Amino acid sequence: MSIVGTPDPQDPDDDVLSQSGGADSGWLTDVELDLARRKVPMVYVEALPVRVGSGGRVTEVGLLLRVSDAASITRTIVSGRVRFGESLREALLRHLENDLGPIAFPQLPASPLPLAVGEYFPVPSSPAELFDGRQHAVSLAYVVPVTGTCQPRQDALELTWLTPEQVRRPGTLADLEGNRGVLVERLLAAVGV
Amino acid sequence: MSIVGTPDPQDPDDDVLSQSGGADSGWLTDVELDLARRKVPMVYVEALPVRVGSGGRVTEVGLLLRVSDAASITRTIVSGRVRFGESLREALLRHLENDLGPIAFPQLPASPLPLAVGEYFPVPSSPAELFDGRQHAVSLAYVVPVTGTCQPRQDALELTWLTPEQVRRPGTLADLEGNRGVLVERLLAAVGV
Amino acid sequence: MSIVGTPDPQDPDDDVLSQSGGADSGWLTDVELDLARRKVPMVYVEALPVRVGSGGRVTEVGLLLRVSDAASITRTIVSGRVRFGESLREALLRHLENDLGPIAFPQLPASPLPLAVGEYFPVPSSPAELFDGRQHAVSLAYVVPVTGTCQPRQDALELTWLTPEQVRRPGTLADLEGNRGVLVERLLAAVGV
Amino acid sequence: MSIVGTPDPQDPDDDVLSQSGGADSGWLTDVELDLARRKVPMVYVEALPVRVGSGGRVTEVGLLLRVSDAASITRTIVSGRVRFGESLREALLRHLENDLGPIAFPQLPASPLPLAVGEYFPVPSSPAELFDGRQHAVSLAYVVPVTGTCQPRQDALELTWLTPEQVRRPGTLADLEGNRGVLVERLLAAVGV
């Protein structure tokens, strides 16, 4: 398991950020972002993509395969930073589109209340806690049904659909970067799976 | 305002119930249902239909106009009893289809956790409390985005789409039967409107 | 594991119910209650008692040991029916006092929104679903910190305090009657354990 | 109404922050904090202190009176930044103790899931939106019963206990700094008041 729990510096999203910038725009250079990451907690949104059957019951759960810094392959969920000036909904939509492509047709939750809250610390306090070597992040996590076709962008190798039972196998959950298996379990519990 | 807070005895749903029956099927005669209503709390599901704009923000709220027992016209939301043996999701889908028609395409919430809980008592304890002259009911209430066309069934005269601001006017909320304005306020608060 | 998922007919609470009664009081004879149980879903409240350390983190989880109908010993949580005319809070307090004694000092949640919703069906639909041989019940389930001393009433043999890790062992969760291990997992997930 | 929605630079909490510091400790100089505030969203926790009667029903709501930058007096709730490396619970406890004193005995929620999420932007997008002239902040907001005696620290003039009805009067809600009346309404709705 990689110790990098969130999108790495080569993340296209952060690249976009560093290409423009200016203090008032809410966009940051890489240096500024790295600095902020060591000073204050970052706000994140996360989403577990699911497919639902008739009646709204979750039938499949989508996990992303990603090549991390250390060239190891890890699983993850849709996850990304909220930019300065951006609403939670806007951030959620942006990261869903980045990670699932433009025709996934995600159904955003009516309520901004998260189904789980993740607290990522740069030093893992215990094996069962969320962590992220680069920063302290607080994430608001949701379950998002998608009805369209998912086409993950380049740096995520693949989106795999698994049954809830397959996801809950210890091996699968342990593969999730940053210990996100803990968060996925909470999200699945919240939707009654 | 009528003091009847839930579907009246002429409700097609209850008619269907009384046409068949049998103790093991979970279907009830009118007499049996009336009896149970005076003995134990009933389980209800309720749904506030909404239209959402890009980004998932609620832009319109759907209220039903209904002719009540006393031939007065009242507003209400999607609301109905959970039958014996029926899951909350099944009941929610059934009442949504009954009240909004077959091509409303409601997006059921991923989580069975309600956004509000309604407690209806047969005797109103205070002007601000939910009540229902016929029964004690506990309702699990949701906000449900619909993407299709709503065609309310016969006994509901009309489905009106209002902006959140229009809904929150005291006059509109006071028109809701059984004091449901209280519940609608809680649901709108939960979705951050 | 017993197939009885909720308090048995010898439950003192139900005894109290049957001693008085009358159609208008909301109290029931055993016969009336048995009848209603085969006709409509019952409303239940459930509570997982916990002890919290400084900072509000759950340090211990309380499980009740109970002798069931079949004289087998099973684990359970605080669980009981909501009476006609009784509020969810009143029912929760009554069952907490019944099961934990008068000096447990439970801290009721500020919000009536449950942390989990349980749907118990009389016929188990799958090994992972909640069930209750006597009835269809919908339960609103909470996590309730207690600060006092717990003295379970007679028919519950013992209240055992376990660490969250001990509770989550498959063996412990499988011991819970009516498959409540599923519900306990959801409640623990909701409090971030 | 002041346009400053969060504790001002003279806030004792931020003073403490600026007295020590060092990049690795998570503590910031005023300059560093001001810089971060213009670059990334800040993580906040907020709490509405309440007194509950028997049965857990909210009977009184506590609002703080504060002298703001512009020497105007505004109402607010417990609100403050989450520090680098600090958990949400720790931040919540710290700000509760700062604002209510050491013997308020707040009952932290068992679940880290907020009852409302606040999004504060530096430029008010509409009269009904939360805003904070100094920063973009995302707050996780809770309702916290207190059982002890509240002794607000020096810079908050007074803690006033109001009935829920008094709080919901438009005049009172409009007095809340940063448009927090909106958030208080959501929190009161979530606890069923």
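To keep things simple, chains are lettered A, B, C and D as they appear, and every chain counts its residues starting from 1.
By definition in this document, a residue touches a chain if its C-beta (ideal position, glycine included) is under 8 Å from a C-beta of that chain, and two chains touch if they have at least 3 such contacts.
Since we're looking at a predicted model, the values are computed, not measured.
Rounded to the nearest 5 degrees, what is the angle of the rotation that puts chain B onto chain C, matching CA atoms?
180
Report same or different for the chain A and chain B interface, where same means the shared residue numbers exceed half of all residue numbers found there.
same
Report, in whole Å, the distance between the mean C-alpha point of chain A and the mean C-alpha point of chain D.
For chain A versus chain D, the centre distance works out to 28 Å.
Counting in whole Å, what is the centre-to-centre distance of chain A and chain C, each centre being its mean C-alpha position?
Those two chain centres are 35 Å apart.
Mind pulling the residue numbers of chain A that touch at least two other chains?
87, 112-113, 115-117, 190, 192
Residue numbers of chain C touching chain D in their complex, please.
Residues 50, 52, 55-58, 87, 89-90, 93, 107-113, 115, 143-145, 190-192 of chain C touch chain D in their complex.
Help me check something: in the complex, which residues belonging to chain A touch chain D?
For this pair, the touching residues of chain A are 23-24, 26, 28, 32-33, 36, 38-43, 81-88, 112-117, 119, 121-122, 136, 138, 140.
Mind pulling up the chain C residues that touch chain A in the complex?
Touching chain A: residues 116-117, 185-186, 189-190, 192 of chain C.
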